[in-house]
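Next, two complexes with chain A in common: one pairs it with chain B, the other with chain C.
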Partner chain A sequence: MGFFKTRLFWISLVMVVVASTLPLYVSGYILGLLTVAYYFGVFAMSWDLLFGFAGEVNFGPTFLIGVGAYTAGIINNQYGVSPYVCIFIGAMAAVIAGFVLALPALRVRGPYFGLTTLVAVLMLQNFIVVFADLTGGEIGLTIPDVITISASANYWIALGFMTVSAAILYGLSQSPIGLVLQASGQDPVQAGALGFNIVKHKLFAFVVSAFFSGLAGALLVFYFGTASVGTVVDVAVGVNVIVAAVLGGRRTVLGAALGAIFLIVAGEFLRPTGELATFIVSAIALLVVLFFPGGFLGAAMSREART
Partner chain B sequence: MDATSNFAPVLEVRGLTKRFGGLTAVKNLSFDLHAGEIFGLIGPNGSGKSTAMKSIMGIERPTSGEVVFQGDDIAGLPAHKIARKGFGMVFQHSRPLNRQTVLENIMVALLPDSLLALFHDKALTERAEAIAERVGLGGVMRRKPPTLPFADLRRLELAKAIARDPKVVLVDEPFAGLTLAEVGVFSELISSFRDEGRAVLLVDHNVKSVAALVDRVLAMYLGEEICTGAASEVMKNETVRRVYLGGAIETSARPETSFKDKVPLLQVENVSVFYGKAQALENVSIHVHEGEFVSVVGLNGAGKTTLFNTISGFLPYSGEILRGGDKLRGISAAKIARGGIVQCPESRELFGEMSVRENLDLGGQALPDAEREAQLAWLFELFPILKERQGQMAQTLSGGEQQMLAIGRALMMKPTILILDEPTLGLAPVILEQLSKALERLRQTTPITVLLGEQNVTFALPHADRVYVLEHARIVWEGDPARFAAEAGEGYL
Partner chain C sequence: MTNVTSAAQKARMLPLQILIDGFAISALYALGATGFTLIFGVSGVLNLSHGAIMVAAAVAAWAASSTFGVGNYVGAVIGIATALVAALLTYFAVVQPIQRSRRIANEEKEIFVLTGTLLWGIMIQEVIAYLFTNNAKTVLPIVEGVVEILGVRTPRNEIFTALVCCLVIGLLWLLVNRTKMGKAVLAASMNPRGVTLLGLELTNIYVVVWAIYGVLAGIAGVLLGMFLGVSSYSVGPLTASAFSIVVLGGLGSVSGSLIAAFVVGYLETFTAYMISPAYRTIPALLLLVIVMYLRPQGLLGRR
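Up next is the complex of A and B:
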């Protein structure tokens, strides 16, 4: 495998090693921030698999995240089942929900797929508010169990989870399946004429994306100890995931994680500016999208490709 | 395999029909394709040949008919299933994976349609290398597509199409955008597919460009077969000649010296245009005098629309375009149109959900009320049918009426130069006659200058004062329409 010799691999390895030593010398506050950022990183990477490779814009990443998060949370809240089982069931629920949504949605073309996914988020949001007895409604759902209360342990879980997810998603994107996905995204007619079942491949990408989104969503609510519409379902959260992925670089997978970490950390550092923080981060995102549509990693990689 | 099966066709197309709504694009088409044969499907733009090819490949679902491949009817199967049975298609336009190398692009074509293919297979790399060598990409295998010249990108398409060793290869306009030297190389490559025993189906516009390559040709017009046979026979066929060249054409050219302007109203000087790497116009120079009617004839893909879009200010170009001696460079498309050079585009571009009257009023929006009313009255005299249809939504009109509306809307802008791009596209002969009469009236009763682009020579010549022939992005002939048939007609078939 050529990947283990590339600069990208070594840079990633050094970054993960450095990141894993952080609990030794930074405050719990920063660890908490990065823990959330890492889960966001997985959201963004899962999203990039769909957009960057399968060429489908999923406007509703929070539908998959939310189904995973709330399923895990509700089972824990109602039946007191072990968090690990809840998290697994949450991820499976996201896969099933993703499959049920994508199967009909992939039949429609272009912007209609995106609209379908957007409506799915709104429906989920409504469902949560209407069935407040079960879901905690607008106040949020309390989750009695936690995996651990140690900030360092939580941080390492998140980092480990992101690293493993990144390895799998990146590996997948570079595998033969990733190539076929990319071809289907770019020129579906030709990919079909080359003998590839486009719907099957795109559906697979959607299911993988749903699995990692749901898993990350479930882990995140066990870290928070609560699930609320504002943190895992709201359209604004989904927009942040999309912005993170585009900021980091379409079709790079790893860039999406960088974008997510940047977005969350920058938002926090700018907190002293109050309401302006969101504005400044959005403005940076807008400038990057307008002038470097390849994103952070895309710009770096295309420079390498040209030489 | 017994001896007789060698003579049985690989592919039998029987009664293939494809309808899009009310339009029948392919009507009851039947032909056989044998192993080791190159079969040409020929027809002017809009004749349904590409739709026929797509229906065979499963990209379009045939409305009815059979496509029998080695004894099985495959009509209606999705493209990926048909491809796996042993079909490869060479696309005219392609979008290769730009971040992957040429070799990896070829490897994509070799991959299995499986979700278990998680690891790259070494054997595939070797096969991909062999295919790259085979089509002449050996030297550029490690490069990425954006760094390749246009001809190499076309080679990549050939490589992908033959990667899985298909029995049937479908090729859509193999020579579009290639230079003459490259045409030779590609012809050899395609005939080598035949020598390997594949059945090759070629789609192209005219017989001439593929005559040296094909074993048999089927000429199509308006979705139907006209005749089938050897290229030389098809070129001699009366109906084919009429479709491409028209019957006896009466011309009524006014000599160029009769136009009194010292500097021609419109001058195009050495204009070249590129689409990415493909050259769409090469040092094209034409001029049009005030009041003159000039036709630019050329097959689809020759560059007519590109020429008109360049004049209208839609495309970047090298060279100069002058109106009344002033350069047009740097003037926006909107200003050029309001300045009197009005194009009636090939695709008509009507506002489909607006009424006929609203479409016309939009054209005449810049005119003062009284002048607009007068222009409208004059237009309704020219195209009486539009008066009757005033309240109707534009998209509900028939094709011929839509074309009249498109011309009418352009005329409402009171153009000094009217550019008509393929007004005859897809229209029935009876409509053509009506359009033809309207053009003749324009020519006789108004001082308007007309630049007409056509592949239908019968329509383009009668009114023309002068004719240019555009072929492969270049002007290859200029002259009097009366001399066209004798001097340029042969090359046009």
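Up next is the complex of A and C:
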């Protein structure tokens, strides 16, 4: 494996090692912030697998996240099953949801696909509000159990989860499957003519993306202790996931995680500016889209390739 | 209330009420969606800052007439002008740079335009929220009072809204089909390269289309502000509803989006009256999913 000799691998390794020592010397507040950022990183990476590689604009990442989060939350809330079982069932529910969404969605392309996924989010949102007895409605769902209450342990779980997800998703993107996905995203007709089953590959990408989104969503609600539309389902959350992935650099997977961490940390730094924080973050993202379409990691890697 | 209407009388009025309210809502949806579909048809751009531009128009009209007291008519004109400026800015600051960029591969431009206009829309929304807070705002209506249509009490403003929408859509039809400029726009939507070969500057045509779009979105926004009121929270739902109406009708087909606007408008009104306002958008969303599955190109779209 040539990857283990590349600079990217060593940089990532150093970053993960440094990140894992953070609980020794930073405050619980910063740890909490980064914990959320790491889960967000997984959302963005799973989204990049679909968008960057399969070339499908999924406007509804929060459909998969929300199904995973709410399924895990409801089972815990209603039956008091152990969190680990709930999280597993949540991830499986997201996979099924991804499958159900992908079947009709893969019949259509481009903007039509985008809209189908967007509608899925709006339907889920309506469902949650209508079945308020089960889901907690607009107020949110209380989740009685937690995995752990230690800030450091939660931080390590999130970091470990993000690292493992990143390794799997990045490995997948560099594998032959990832190459076929990329080919079918760029020219589906030609990729099909070469004998690859595009629908099967895209369906696979959808299911993998759904699995990690759902798992991260379920873990996140157990960290928050509550599931609400505003934190895991709302279209605005989905927009943030998309912005994170585009900022970090599409088709890089790892860049998406960087983008998500940047987005959350920047939002926190800009908190003193009050209501203008979102404006500034969006403006930065727009400038990146306009002038560095490759994103953070894309810009860095193309510079390295040039020298 | 002096005249208490009996339950039976109310039940008789209900279909008529749905017919009237549904018409006004649908006409408003249609006006909002025409500009959106026009831009897509001509330049292949899906403008996700649509809702933000509409809200900007309504809020500008509201601020001008209630805070600065310039009167309702001047306020409405200021609102429309704001939308025009916002639309042209969207084109020059976001869409054109992406379309001309050499660093973005051609097949990816569509995705970048979507992301870029989405971010731009959020920026407009945040500026509105910062300057004028998130509170809901109702633009003072130009016409006031109520009239009875066959026994249904209807605000004059509602009739005014429906009339203006139909009038503007009619004018747009004349502009596109009967003027030289309109024909150039139509030609550009069919074959951009052919238009350039005839010696017409494609950029000029795009600017004209974006200007028309700005005026349409402005009128729709101001009317919406008078009819239902807006806040910076309506940005997302407005974009989503325009998007779904346009896809339901078939991307780029103006007549398709008009039909779709009426289907969605009536379906929503019917659900709100007959079932519950809480379920208002659900049947329309279901319909959209079914249409996408059975006829992915939309009602009148071409593949």
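In this section, the second predicted complex is superposed on the first by the 305 of 307 C-alpha atoms of A that agree within 3 Å, B and C clash if a C-alpha of one lies under 4 Å from a C-alpha of the other, contacts with A are read in each partner's own complex, and residues count from 1 in each chain.
Going forward, a residue touches a chain if its C-beta (ideal position, glycine included) is under 8 Å from a C-beta of that chain, and two chains touch if they have at least 3 such contacts.
Just so it is clear, the structure is predicted and the values come from calculations on it, not from any experiment.
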Given the touch rule stated above, what does A:186 touch, chain B (first), chain C (second), both, or neither? both
Could you say whether A:289 touches chain B, chain C, both of them, or neither, answering first, second, both or neither? second
According to the contact criterion defined above, which of chain B and chain C contacts more residues of chain A? C
Check the residue A:200 against both partner chains and state whether it touches chain B (first), chain C (second), both, or neither. first
After lining up the shared chain so the two structures overlap, which partner does A:123 touch, if you call chain B first and chain C second: first, second, both or neither? second
Contacts of A:57 with chain B and chain C, given as first, second, both or neither: second
Considering only touches as defined above, state whether A:115 meets chain B (first), chain C (second), both or neither. second
Does chain B (first) or chain C (second) touch A:243, or do both, or does neither? second
On chain A, which stretch or stretches are contacted by chain B in one complex as well as by chain C in the other? 186
Under the stated contact criterion, what part of chain A meets chain B in this complex? 171-172, 175-177, 179-180, 182-183, 186-187, 189-190, 192-198, 200-201, 204, 251, 301, 305
The answer for chain C against chain A in the complex is residues 46, 94, 97-98, 101, 103-104, 107-108, 110-112, 114-116, 118-120, 122-123, 126-127, 129-130, 236, 240, 243-244, 247, 251, 278-279, 281-282, 285-286, 288-289, 292-293, 296
Residue positions on chain B within touch of chain A in the complex are 57-59, 78-80, 83-84, 87-89, 91, 94-95, 97, 99-100, 104, 107-109, 111-113, 115, 117-121, 144, 160, 163-164
Per the touch rule, the chain A residues reaching chain C in their complex are 51, 57, 104, 107-108, 110-112, 114-116, 118-119, 122-123, 126, 129-130, 186, 235-236, 239, 242-243, 246, 275-276, 278-279, 282-283, 285-286, 289-290, 293-294
